[in-house]
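What follows are several structures.
Presented sequentially are two complexes of subunit A, the first with subunit B as partner and the second with subunit C.
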Partner chain A sequence: MFQPLPESPAQAGTAPGRLRLLMLLGPALAIILLFFGGGIFLGILQALGYRPGAGGGSLSLSHFAAVFTDPDFSTSLLMTLYIATVSTLAAALCSLPLALLLTRLAATSSWINVILQIPLTVPHLVIGICISLLLSPAGLVSRLLSWSGLIAGPAAFPLLVNDTWSVGILLSYIWKEIPFITFMLVAILKNSGQELEEAAQTLGASPWQRFRHVTLPLLAPNLRGACLIVFAFSFGAFELPFLLGKTFPMVLPVWAYRNYSDVDLMARPEGIAIGLIIAAVVICAILLSQGLTRMTSRQGTAR
Partner chain B sequence: MDPAHSRKPLSPLPILLLLFLLFLPHQARAVELDQTSWEETIQAADGQTLDWYMWGGSPAINAYVNGFVAHRLKERYNITLRQVPVKDIAEVVSKLLVERQAGKSSDGSVDLMWINGENFRTCKNKGLLFGPFAQRLPNQHYVDWSRPSVYNDFGTPVEGMESPWGSAQVIMIYDTARTPVPPKSMAELITWIREHPGRFTYPAPPDFTGSVFLRQLFYHQGGGASTWQGDYSQQELSSAARATYALLKELKPALWRQGSTYPNSPVRMNTLFADGEIDFSFSYHQAEASRNILDGLFPPTVRSFVFAEGTIANTHFVAIPFNARDKAAAMVAADFLLSAEAQLEKAKAGVWGDFPAIDTTRLPRAQQQQFAELERGPATLSNRELQAHQLPEPPSRVLIYLEKGWQEQVLRER
Partner chain C sequence: MGILELEALNVGYGSRAIVRELHLEVAQGEMVALLGPSGGGKTSILKTIAGLLPPLSGTIRINGQMVNQVAAEKREVVLIFQKPLLFPFLDVGENIGFGLRMQGIHGARAAREIAEMAELTGLGGLERRKIQQLSGGQQQRVALARGLVLRPSLLLLDEPLSNLDPDLRQQMRELIQAVCRQTRTTTLFVSHDQSEALMLSDRVALLLGGSIRQLGTPRELFYRPADREVAAFFGCSNLLEGVIMDRHFSCAGLPLALPLPSTQPSAQVEGKRCIVAIRPEQIELAGGGADTLTARVESLSFEGALTRLEVRLGSCRLTVLSPHPGPSPGSDVQLAIPASAIHVLPCP
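So, the complex of A and B:
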């Protein structure tokens, strides 16, 4: 997914090859550079204090400084990292066996496929509201449990929404992202066929060895890519933490929104600064993952 | 941070270029609607589509706007009304500000917005509004412009930059089946909260409803509403605000979930109330309780009350952004909203139950009679009872000060 393009001498090395590559990538790159790059550029300007509508203002890093020195910044950052990391890892851990199982069953059971496609089509907002209807203290699950006598009353139901550990947010993300990662893995498993695994089997590899040395390396690039997408999304997403999170501490996207929509216009540049910090963290995560990939692949060839 | 140092890496050339590009279209077009007669305005509005951005959290208000108002605007003026519901009109103010910065001085997507208080102040100060236009509406003859809450919107002079639509008052909502004897004043409510831990909460300011509760409490702690209308010193403000935060902090352990979190909207608070998690709700709409009973959201035993010392009341308005595409349609709609017919429909308990923005004594006798005979919902107090217990809003400066302070002192406990 996020691998650098293979530098095969026949294609990329020669001048016409490069030109072709540029022409193929050109339209997409131009749009990304114009809208994404332009947006980021204007964002940086405003975060630096540039305000064309309100009499200019000098450029300085004071808004970034205000965010970084805010006593709540580290709490917010950690909380956002916690939600994004835990939900990504949990979804990946569930997806791996599910993808293996699904490849085995694919021929016989299409209904699992249908069930798995449901979360893909449901917007985050909808699952957020569903989770709050189901899992809040006066929600459906709590009422069913207390009605059937399994818990003493709604008050005995654990806090899963607007709670300290963000259980509701994590559950929604995991539910939503499992099918996404699973399908990314299934695509690889289906195309790779059984030959590699069978070859390993004839060489006397145990099921664990086959998984560890054949299947997992095969899946690694896609798994890493899918995880990165999920991490980047849940790190920067606003709606689920806004619906299901505590009023305070708030995750970075909710904090950015609060600042941006503040009646006090002086709070806006800080909101934009937080947005840029979110983007920076995600970019760091991508670079880190790229670096790790390169390191492991180098080790692999050295061995 | 050394500003001179941090400015270095940015060359001024691209910024100047950008500035030039941003301000280029500004002088493009002057406002043409100022000079036209009302007939011409109606003609210009024919066939226009009116995008009305408004808080969309009340099904009753949405139904009134999309039903009654939309149908009549279509029938009489051939105006297509498109309601755009938002969670907070401040979002639209932000959007307009960006458009102002980007030099988008015409063809904006917002034609009309439902607004008051600090958002109006921001819009007026930043030049985000079209107008003055209110004086040009024929139906404004029914408006009593001498009323303090009409010529001043949270301390900001209206000056024709917005047109009144209705007026509202805070009510407390309770269930007689659960709370046979509700507290009669803020002081009694505070005692009640202490005695019933976990059964009260309020939406987190800057939510509109949560914010008004904060002001209500601020009046209680700060020597009453009258203290904050005229002259007050910064010192008085900060000491009264401190007393308010101190009380709220002290009450935290007695709130729903020990004050560790708050509902993010009045809609959520109403759900908690209906689900029996808390025993009180409150609203800035005097007919909210009746309305929710009729909608089946609240049990029929729910009633409302106002504090003996009074509750905060205000006027709400509609305004037209500086760059609205369909200004004529917006003016025609603002005028229709002020008509006796539209105001009467809006005042019906089964529709919305909002107070009229017009002075009904200026209407013909037959129409006055219709207003007098309006049926009230089962949980709505009488006009006399409500009007005898109205407190004015403080200036929006106080409001912003309190909302900020709440975030820092009560929510984050710095």
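So, the complex of A and C:
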């Protein structure tokens, strides 16, 4: 007689399966809980006014209130949102065609891949300094243009660093993030993109229809994920705006840093409060994106 | 309506031809198998007919119209791949209706055709399922339904059964045959599995070494191979070289001349050196008698329904497939080789 096979121990429902899952997740969970959770917890405490060096102090929301009522807060928030949104969208718009091109050129793309990997390895700080050396009014580009007579003099060169529209910051972010998003998309396209497109083609889909109804929905989850990561990073990053931004308005991370490193220790809780507000905005963005995804997929099945 | 004509078609990548000078006609409603070993360029032929791969030279005609320059999406040819290649972001019904949607067919008409095709392929009631919730066989059926719903002039199948387990494969074979017959769809399918090709198709084209070696009904290829390689492909390992005299085949190693079947026209072969092929399962183990030959069993392997015997007959070695698992190695057996088992390969 045949006996039913014993269930595999890896199945999540069974007790040994759950134990194994915990053991596998354990190290990562411990680090996240200890450093990230602990850090957030201490941050919240300090932002609420807890001062370990000065005998505790009372807890209140006054520091948050001070940040929110600061007349410069909304300008800073908008500035930060502007940089993060524009750089993310621009990088995404450049990455999509690039990823499609790279998949088409599968055979010849190895050197393009190498070039694309360069921005991934260069730190933001280095890019910031490079952009500053290249694009500042006394920078290399400006001097080359005036030397060759294309512009009247360095003064005629448009302001691209420490400027109102943060062109320098945007360019650095876009340069740095394009390869990241592109590689996220190429992975999907290499895996099944071309075959699915061929299947769609024999089902009568024109090139535009294949892009609209096959490639785009296939890439959507990864594109959305990559954009969220890029947005969250550029919303919370400090180096590039610090190097290439104007002194006013400051982006939120720079403002947080200024407060945190102020000689006046009383400014420190406000700096931490700004840091927490940055985190809250990013979490809101993630929730919003998930909500949108769910809405569009429901519309998809309703059709 | 769907008639396919291939003329002097060269298929390959870059400048390297994998398949040369392909001539093939598939009639309306006919089911033709392209049979051949893996890696022989069969998939490339289908891709070329579908328009996914440009032909190196030659012409492809569909319903009399040359389509060499026509884009794949305008050819009314559906290619079903070895993998189901379903769209993971669409459910079963949306996958089946994908092609209709691309043609701008929406609403009640699309819904009716999707439901009809789902029913025909045994997917009724699964239209709202996610692709990831389906078994391999169900996914392959969705792929079939997705193609057939467009009522293509020509259906191309690229080993659609090779990823399925044997039970499911048999079911799918019957399904494909039934659906294609019912919809009168002209079908060209590719397989490396001879039983699949023989069972499903009206005609088989055997592709060996980059060209069609023989084209004919399944029975013709199996019982009347055109040359020794075709015979060997279908498992006929008994190829004997000898002379034909008075409608009898004699060969140096054989103690007895074998009579030719009455169907064999004798004029071309009389008095010539020829090769005959004898199918191993047509050699019978007999109890003894006038026309039997005594042979020594050299080795034996039990293969289930049949037992494979390697026997020595005079100086010839023959393979016999017998339903009797009885004899043991070293023993003598009596063989009867009926005239109908002998096929004279066309003389060079």
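Here is the rule we go by: the second predicted complex is superposed on the first by the 275 of 303 C-alpha atoms of A that agree within 3 Å, B and C clash if a C-alpha of one lies under 4 Å from a C-alpha of the other, contacts with A are read in each partner's own complex, and residues count from 1 in each chain.
Everything that follows uses one rule, which is that a residue touches a chain if its C-beta (ideal position, glycine included) is under 8 Å from a C-beta of that chain, and two chains touch if they have at least 3 such contacts.
This one's a predicted model, so the numbers in the text were calculated from it and none came from an experiment.
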- Note on the structure: subunit A contact check, subunit B vs subunit C, more residues touched by chain B
- Task: Once the structures are superposed on A, label A:L45 by its partner contacts, choosing first (subunit B), second (subunit C), both or neither.
- Result: first
- Query: So, does A:L61 touch the first partner subunit B, the second partner subunit C, both, or neither?
  - Reply: first
- Query: Which holds for A:H213: it touches subunit B only (first), subunit C only (second), both, or neither?
  - Reply: second
- Query: Regarding the shared-chain residue A:A199, is it in contact with subunit B (first), subunit C (second), both, or neither?
  - Reply: second
- Message: Give the list of subunit A residues in touch with subunit C in this complex.
- Response: 192, 195-196, 198-206, 209, 213-214, 217-218, 220, 300-301
- Task: Enumerate the contact residues on subunit A facing subunit B in the complex.
- Result: 45, 48, 50-54, 58-62, 65, 71-72, 137-138, 154, 159, 162-164, 242-243, 246-248, 260-265, 268
- Residues on subunit C engaged by subunit A in the complex (per definition of touch): 47, 50-52, 72-75, 77-79, 81, 83, 85, 87-91, 94, 98-99, 101-103, 128, 146-147, 150, 156
- Of subunit B, residues touching subunit A in the complex: 1, 3, 6-7, 10, 15, 18-19, 22-23, 88, 90-91, 93-94, 97, 100-101, 118-119, 122, 126, 204, 206, 257, 260-262, 264, 271-272, 275-277, 400, 403-404, 411-412, 414
